[in-house]
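In what follows, structures are represented as structure tokens.
Here subunit A shows up in two complexes: once beside subunit B, once beside subunit C.
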Partner chain A sequence: MTDQATQNQTVNYTAMQINQEVKRTLRKERINAAIRYGVLLLTGLIMLYPLAWMVSAAFKPNYEIFTSMSLIPKEFSWDGFINGWKTGTEYTFARFFLNTFAYVIPKVILTVISSTIVAFGFARFDIPFKKFWFTTLIATILLPQSVLLIPQYLMFREMGMLDSYMPLYLPMAFATQGFFVFMLIQFLRGLPTDMEEAAMIDGCNSFQLLWYIVVPILKPAIISVALFQFMWSVNDFLGPLIYISSVEKYPIALALKLSIDVTEGAQWNEILAMASIAIVPSIVVFLIAQNYFIEGVTAGGVKG
Partner chain B sequence: MYENRKLGLAYISPYIIGLVVFTAFPFISSLIISFTDYDLISTPSFVGVDNYAYMLGDETFYKSLGVTFAYVFLTIPLKLAFALFIAFVLNFKLRGIKFFRTAYYIPSILGSSVAIAVLWRAIFSLDGLLNTFIGYLGIPPVAWLGEPHFAMLSVTLLRVWQFGSAMVIFLAALQSVPQSQYEAAMIDGASKWHMFTKITIPLITPVIFFNFIMQTTQAFQEFTAPYVITAGGPAKSTYLFSLYIYETAFKYFDMGYGSALAWVLFIIVAIFTSISFKSSKYWVFYSGDKGGKND
Partner chain C sequence: MANVTLEKVTKVYSNGFEAVHGIDLEIKDGEFMVMVGPSGCAKSTTLRMLAGLESISGGKIHIGQTPVNNLAPKDRGIAMVFQNYALYPHMTVRENLGFGLKLARLDKATIDQYVNEAAELLEITPLLDRLPRQLSGGQAQRVAVGRAIVKKPSVFLFDEPLSNLDAKLRASMRVRISDLHKRLKDSNQSATTVYVTHDQTEAMTMGDRICVMKDGHIMQVDTPANLYKSPANLFVAGFIGAPEMNFIDANLIKTDDGLVQVSFAGQTISIEQKKAEKINAAHHESVIFGIRPEFIHLATDESPKDQVVTGKVVRLENMGSEFYVYLMLGDKQFCARIPAAVVEEQLSQSLDSDVSFYFDTSHCHIFNQETEENISL
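Showing the complex of A and B:
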């Protein structure tokens, strides 16, 4: 009888103890979660505040911009956009936008086509000296491009292509960005081949195989490639800086650089207005397709 | 997998052509040009190792090299450590993870653009946003872009601000660490910190290595940010190597010396990369079941 009482007591006691322990852990967990959210929010603020500030500054009159950190203009004004759009040149900013897409779009298309074809070759065929070619592919990813800059410039000069967009996109027709080929190879290796085998037995040739079976399955990866190439090309500065010399052919990157060079004692509202517009295509494309980016980034990295 | 070797060769032929024309040929040419004196107008003349000999006594060369190393060794640890830290925090299956991931990734897609470099100038200039902010705290304005150390810091911070892409890769790696590993350690009474250093870190070393290599080779070639934000100044304190190569070749039209500089950069990066790969045998662990997947 007494024996059972003690036993009951012990059980009660341990239950209480466990209860307390659980409570303590929960409280600790809650504090930890709060700290985590604090860190994440602060980081998020540091990440996004500069961008938000840039856009808001574009709507402020010039004298107001650096007087406060507020994101809401005291005096709302479109002047930054209106005058910035006119630019200091004889062209409007629209011209620079169109110029940018005039080489970014061919660049993206050529990259996608050539990288897919080459990746298909690498992933599915037995090729003479395959190891060697694959090694060169990895080597080109790691090779500092600056070592190629001067001879490539001389080469394009020889071909009479300076001050045109050709040097910016022509090399893409030959799968010269190894990173993309590598990314697609990695995707292809992870895909089962039974569908392709079945199609081959049914008498498909390899090109039909690529077009009707591989490309549809590979679509997410191909979209990732297109998106990355789009972002990188829109952002690219050194390429246009070297090859494009006449203002009428300037892309956004060069136009923005020009705007801060010309106006010392700068009209920051105009500059920041145009910088805000300049990042719109990238932001829109990213928000629409961000899952492809995340997948692309992680596939290249984790599976590598 | 498919037997037809000629067909395979046909499929990769664009790559082979590109490799020869746009990579291998320029690569060799640049070595040859580095032994010449060429200003784009007169015919190139062979000068032997003159360019390299000149480099040995060139103060700008040493300055630029030092600045580049400082930049790389400041940026990479900061960026990767921060990326890993945030990935670690995000990995706690918190609500709103998608929102944070998006917010953190956006700077990565914009960061290398001129627009953001321009923004950076607006933030760090003498009458810029940062000085407005520290003014609230009663701190007098600092010449962020006018004082060598601060200028370097400003340019570095732009890179660190772009930690998102490295973070996303870390996060995916963390998520792929099997939960069973932690459970086993928990039963053994391991602390969180112990689990992180003894289980998580070793398991994600391949990804740390990947991020390290990619980020480092990129950082060695950084151009846009220093060129637009500081133009290499003040007193060449942010005059990264790629700025020196660019100005030598395309401002002073000294193609020979520019190529020599480019080759030195190439050799430095090559040595650095090969040391990294060699050392990776000792600290990068590829889990057994995935071994040999690369073939």
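Showing the complex of A and C:
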């Protein structure tokens, strides 16, 4: 009888202890999570502040922009957008949008095609002096872009391509973006070759192999390449600045600069309104391709 | 008609490693040839040379009457099944099966017909619209086999197709592939098959003939029964059969009255007369004596006295219907397969004590110590 009672007591006692311990752990975890998310939230807000400020400033009248830090406009107005869209030139901003796509789209397409072909060659074929070529490829990644500006400018001048979009996208047809080629090569190296061998036995020649087997499997990586190239090209300022001289061919990046150049006080609300619009394509494209993009950057391989 | 002939075929890899050393092999039309050997003996290399996935460094390969050394894989009339299936991950099962036919520009109706036929044969019809990642290992394996069949190739190549499956599935796939081969052969379709495996059971049960390889050399090519009964050398004798044949260094003695004896571990036994006549060795020659576990019995009163050996029983392994009985002779451990009833009746108390065993020497093998050739065939 007594024995039983003591035993029961011990059981109760341990149960209570366990209960307390569980509670303590849970509380600790909750505090940890709170701290973690607090820090993340704060960092996120700090990082997003300039962007939010830009968008909100676009709705403020010009005089309010530099007088208050607040994100909420005191005097809400669409003037920035309406006037900004008209621009100070004879063209509307739509023109500059179209101009941008006129070279960004061929650039992306050419980059994807040429980089994929070259990466496939490097990863799967025995080429004489392959090591040497590969080193050269890596070297071009390390070479600073600005070193190439003058020789490239002279070259395109000789070819009579100045003030056209050709200098901006034509080089991409020759897999000049070493980084993308390298990225695709690494991705391909991680893939087992069985499927390609099976396809060869099934009757594929090298191009069919590339088209029917390699490209579909490589899709996430290829989409990442396209996305990177798209975002970088839309943001590119130096390239258009050097090669494009007539205003009718200006892309967004130069058009924004154009409005800052005016002598009497720049219309900041217009500039910021157009800048806000200018980032929309990048965001839209990113959202569409998001799933593939993340897969391509992180996974680096596909399960067979 | 598609026999396959390898003549002095050599493979040297680009790093200078010679993987295959001039092998000759003749695979008859419709034959199921199994290639076995330990890991790294160049089975895959040989198969891949046949498929055209690996260049041929020396020698000639013919498929049918055609020399194929410089033919692309797709022009060799072969189909191959890979170890990890190698299904195209972005195509449905149906597209996987039909891909080769599509490349061959067959019209859609014919492709559908062939694909459906193959799917029915392999019982994968309900899976036709799935993607490979939605299949289990066994199903994926059947799809891989199906992809080979639809093309109606003249030669089938398999590279360890069952090694990723669990034991039970492997057994059923083994039967399925054998049946398939028989069915193709009976319906007069081309069915020549080269099947690479390192699994003895697969080799013994599936092969019309088995080619045993070691380090890029062919050790012996023969039917499963002959390989088991008359291994040409020490390697084949040791490789085929489980548990493995027992070997021991021995001294061969030819007595004045025409008897042939071997002595090892301080004991001498006679070789049975018919076997003795075949042995091609000199008096006092050092040889290797080999005997399979099932030819070691418990000695009875009827056992010929000159074939009885005494050894200490060190371990008993219960296999259900029989026991593996391990006995020590000198410093060598021998394995004997003895029916469970006999063991329970006579050996249950004998652990660590000396017991007499009858070595049935009419089934023994004598190997030359230098060349490791079987000199008792």
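Please note the rule applied: the second predicted complex is superposed on the first by the 252 of 304 C-alpha atoms of A that agree within 3 Å, B and C clash if a C-alpha of one lies under 4 Å from a C-alpha of the other, contacts with A are read in each partner's own complex, and residues count from 1 in each chain.
In this text, a residue touches a chain if its C-beta (ideal position, glycine included) is under 8 Å from a C-beta of that chain, and two chains touch if they have at least 3 such contacts.
Remember, it's a predicted structure, so these values are computed and weren't measured experimentally.
Undergrad: Consider subunit A as the common anchor and indicate whether subunit B and subunit C clash or fit when overlaid.
TA: Overlaying the two complexes on subunit A (C-alpha atoms) leaves subunit C and subunit B fitting together cleanly.
Undergrad: Should A:Leu154 be classified as contacting the first partner (subunit B), the second (subunit C), both, or neither?
TA: It touches subunit B, and subunit C stays clear.
Undergrad: Which partner chains sit in contact with A:Leu51 here, subunit B, subunit C, both or neither? Use first/second/both/neither.
TA: In the superposition, A:Leu51 contacts subunit B only.
Undergrad: Now for A:Met16: first (subunit B), second (subunit C), both, or neither, which partner does it touch?
TA: neither
Undergrad: Of the two partners subunit B and subunit C, which one touches more residues belonging to subunit A?
TA: Looking at subunit A, the partner in contact with more of its residues is B.
Undergrad: I'd like to know which partner A:Met195 touches here: subunit B for first, subunit C for second, both or neither.
TA: Second partner only, subunit C.
Undergrad: Considering only touches as defined above, state whether A:Ser146 meets subunit B (first), subunit C (second), both or neither.
TA: Only subunit B; A:Ser146 stays clear of subunit C.
Undergrad: Touch check for A:Leu42: first (subunit B), second (subunit C), both, or neither?
TA: After superposing on A, A:Leu42 lies clear of both subunit B and subunit C.
Undergrad: Looking at the overlay, does A:Phe237 come into contact with subunit B only (first), subunit C only (second), both, or neither?
TA: In the superposition, A:Phe237 touches subunit B alone.
Undergrad: How far apart, in whole Å, are the nearest Cα atoms of subunit B and subunit C in the superposition?
TA: Least C-alpha distance: 7 Å.
Undergrad: Taking the contacts subunit A makes with subunit B in one complex and with subunit C in the other, which residues are shared?
TA: Common interface on subunit A, subunit B vs subunit C: 126, 200, 302, 304.
Undergrad: Touching subunit A in the complex: which residues of subunit C?
TA: 14, 51-53, 72-74, 78-80, 82, 84-90, 99-100, 103-104, 132-133, 147, 151
Undergrad: Note which residues of subunit B are touching subunit A in the complex, please.
TA: Spelled out, the residues of subunit B in touch with subunit A are 1-5, 7-12, 14-19, 21-23, 25-27, 29-30, 33, 40, 86, 89-90, 92, 94, 100-107, 109-110, 112-116, 118-119, 121-123, 127-129, 131-133, 136, 161, 164-165, 168-169, 172-173, 176, 206-207, 210-211, 213, 217, 220-221, 223-224, 227-228, 241-242, 245-246, 249-250, 255, 258-259, 262-263, 265-266, 269, 273.
Undergrad: Give every residue of subunit A touching subunit B within the complex, in rising order.
TA: 33, 36-37, 39-40, 43-44, 46-48, 50-51, 53-54, 57, 65-69, 114, 117-118, 120-128, 130, 133, 136-137, 140, 142-155, 157, 171, 173-176, 181, 193, 200, 206, 231-232, 234-235, 237-238, 241-242, 252-254, 256-257, 259-260, 268, 271-272, 274-276, 278-279, 282-283, 286-287, 290, 293-294, 297-298, 301-302, 304
Undergrad: Under the definition above, what is the set of subunit A residues touching subunit C in their complex?
TA: For this pair, the touching residues of subunit A are 126, 192, 194-195, 197-204, 208, 212-213, 216-217, 219, 302-304.
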